[in-house]
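Presented below are the structures under discussion, each in the form of structure tokens.
Next come two complexes built around chain A: one with chain B, the other with chain C.
This part shows the complex of A and B:
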């Protein structure tokens, strides 16, 4: 069992490296840009994989929590002059509390009512967050300037940004952190149990409400990490994070429920695919179609290969 | 050990349990009755999955009302639900380990408990690394009992353990229960298979329409006319 899953993981990572190398030879810029962009998708998608894939909470307000995190980072920067990367720590804690609070006040009430109700509720939360951000900060785009964010290097005639490699670093760090949490802590183990069978979890003595609360809190808090690294490179407006909701859902669907490593692999693969399309003159607007097209293709191939599931 | 007094449970306007009083000491007791008699509801209200409308439930002098299921389990009551409630994509050994992981006293003795469970159910040792969801119904039932035992319960509640099992497995399972009983675990058994159930229990209650109809020792129940006619087919 163990060796099969290891081979599976290994195979996918090998495939990814081959893909990046192949693209790097053909379109070096697209490979680097795709790797960076894809890691950011993965960084935003990982926490959704935790809530949706492991404990089974649907959260349509995922991307709006990201936007909120971005605004909080912005506020720290404007009011205290704190570096966005340094502010990750307080923002992580603030978003954890906020996520746990929102969970306790709302989502806990619809947990037993099934996914449709969770979908409707979190859609409502998404609207509220969006409008609140609109009211407080208006729709005027803002930005935070830090000098290191625009650094770039030229290697073999290809010029690319170096700051964006932080997305890759953070995505890998969050992935490792989550894996350790899930495998090494009792709370992490409990999350698997709760996801597989909430009633079964209760009768082995797991405080399921506590597990849901912490996991949801952590998931929102991780968006604070994504927010911190995004702020120096992104124009800030209320719906800046909205597109990450659907993209994260796609990654979870593509990677398979509960497969965290798969999120990083799928994120990068889709990022590279997107970057290739964007590098073709006149077709930049097609990148989203490619993103969702690849997703549909992957799900279809999977369902053919595994008809029993 | 467990005392239930004047328990009433309703689902909306339908009263399922009516003024139910019973107790479990250091013994094995059984609830016998047809489908819909309220046996599962009774068990669910003991372990906090269903809230009673009125009455008292005390375990070793402490009230179980207003306690969450996980707290009740940590007090020393383990349950084997009718459908097992296993973790299908965890292995047998992971399912067993999780049975003791969240109960402090049991966690410290996990390896001892594993040995104990494997001694009673050798099949679980053979299948230790198989996913629980891929095992047969009978093996899953054994695993559910094993997982409950991992928690070192002082009271083990079993909800119709014989349902859906072939007769030879039912006999095997009840032999195991007799062994478990000798280990100093009190047993509360809900069963439709009265013939097998009577072999394990010391005392029994016949439950019909949410109320106790007969309360008696196992020997007396065997000779009771109503039990003979309705449940033993004699």
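This part shows the complex of A and C:
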């Protein structure tokens, strides 16, 4: 029994490691690049899984909060010379307050209104954020230079950036942090209960609206962490984070609701897949289709299995 | 009252047809834009009436545009035929995709349509030989050779056609099916409504409309370009317009398109960049505070007055 449950629990991780090793032998660049990129996708996808799983809201402005976080990190760096990685802490707090504020002002009013109003509302919020960023910072690309971000090493003839491994570190750290929060803290356990059964949680005396507020705030705040690690390596423009909404949703759909470890696994798997397509000469432009293709395929397969999706 | 309504419609129609005679070119170009978005808003609302929120408007708009341009540039067909082909291709693709994705509901349908619109763009950006890739494609024989009055009348005809289709959906037997699917699918199903068939029908019809509009829009300027043909504006603006006017009706999206279309021209003058933020604010405010839109508010006002008069 013990060995079977062990196998079940770590089956996916084992497959992932095998996949990466196989790809590493075939295309070492794609494996490393995919691992790094995929962790970043997971880092952005984890908070969406929280809002979807616990608050039950599909937040279409997810990616735009990420862009906003990136701009706030940029402003810290320009105005105070703060290192992007250090500014994660203030940005985390700022985005938490912003997320909680947006939740309190708007989203709490559509919680019971059905998915149509929720989607339209967050779509509207997404457009407001995007256009406000356009207004304040214009569409001119900006960047922040830090010397350690461009460091690279050469191992066995393969040259790759070392800074990007920070994505992996942060993704795993956030994953562990969230697991600890949900399992060990009182508030986290309450959130977990609300995610499983909001009515039941209410009956046993959990303040559900407070839990929703905190969870939404934390989800937006985690995007601040992603923003902090992204800034040194990314060109900054208003729609830089927009694509992460769909990518994150794709990961959640793949992993299933409430499966945080699955987000990291699917993120890395898709990152590697994307990197493989990118490494085929002449077909690099098709790599964007990997996520959307997988997303549509996953949704379709799930709908066939469970027709009342 | 019975004669007043058709008379009003006739007057509005006559005024719309005669518009190019009394105004100058600048206003006609605004009117063309308003008609474009009005048709998109109506088609989006027609799908919404079945309870399915589609984010694919811009996708089919772009597909139609590309089909029209490719037909005119590579096969040398007349732009009007190109526009018909645009509608046919959009409708055909919607039929094939609809058979799969209309089994999805709610959130999953919305997200899948959003993903599909992106997939269309990625495919078109990468089929370099056919579509010109990221740099787009131009065509020299534009629709009516830039004669904006003719383009206006053509657009008006499409818009009127869309209004008629929308009214048919509201008045004929099909509206029972559509409304019952939105209200309660299980009940609709148990009363023998073939939900799937009706959803596909509505999805294909609205996609044809979006394709036709996309092709008309592309062919009047004679170019397509991935980022602008699939621009989220063609999703955001119609949604904002339908919401402002009032969803689940024909008159709502029309009113919304006129209100927002005219005000956006003014906003563009005072706020050249980022006037789109207003549309985002409008969507949020309408969803939160005015779920029935302007038309709904007017209707509620008259209903209240009538009730008060009757009570007296």
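Following the convention adopted for this analysis, the second predicted complex is superposed on the first by the 283 of 309 C-alpha atoms of A that agree within 3 Å, B and C clash if a C-alpha of one lies under 4 Å from a C-alpha of the other, contacts with A are read in each partner's own complex, and residues count from 1 in each chain.
Everything that follows uses one rule, which is that a residue touches a chain if its C-beta (ideal position, glycine included) is under 8 Å from a C-beta of that chain, and two chains touch if they have at least 3 such contacts.
Just so we're clear, the structure is a prediction, and the values are computed from it rather than from any experiment.
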| item | value |
| --- | --- |
| Which of chain B and chain C A:117 touches, first, second, both or neither | second |
| Chain B versus chain C as contact partner of A:295, first or second or both or neither | second |
| Contacts of A:127 with chain B and chain C, given as first, second, both or neither | second |
| First, second, both or neither for A:106, with chain B first and chain C second | second |
| Contact breadth on chain A, by residue count: chain C or chain B | C |
| Touching partner for A:235 - first (chain B), second (chain C), both, neither | neither |
| Touching partner for A:200 - first (chain B), second (chain C), both, neither | first |
| Partner chain in contact with A:186 - chain B first, chain C second, else both or neither | first |
| Interface residues, chain A side, partner chain B - complex | 1, 186, 189-190, 192-193, 196-197, 199-200, 202-209 |
| Residues on chain B engaged by chain A in the complex (per definition of touch) | 47, 49, 68-70, 73-74, 78-79, 81, 84-91, 98-99, 101-103, 129, 131, 147-148, 151 |
| Residue ranges of chain C touching chain A (in the complex, touch as defined) | 48, 51, 53, 55, 100-101, 103-108, 110-112, 114-116, 118-119, 122-123, 125-126, 236, 239, 243, 273-274, 276-277, 279-284, 287-288, 291 |
| Touching residues on chain A, where the partner in the complex is chain C | 58, 106, 109-110, 115-117, 119-121, 123-132, 134-135, 138, 246, 249-250, 253, 283, 285-286, 288-289, 292-293, 295-296, 299-300, 303-304, 307-309 |
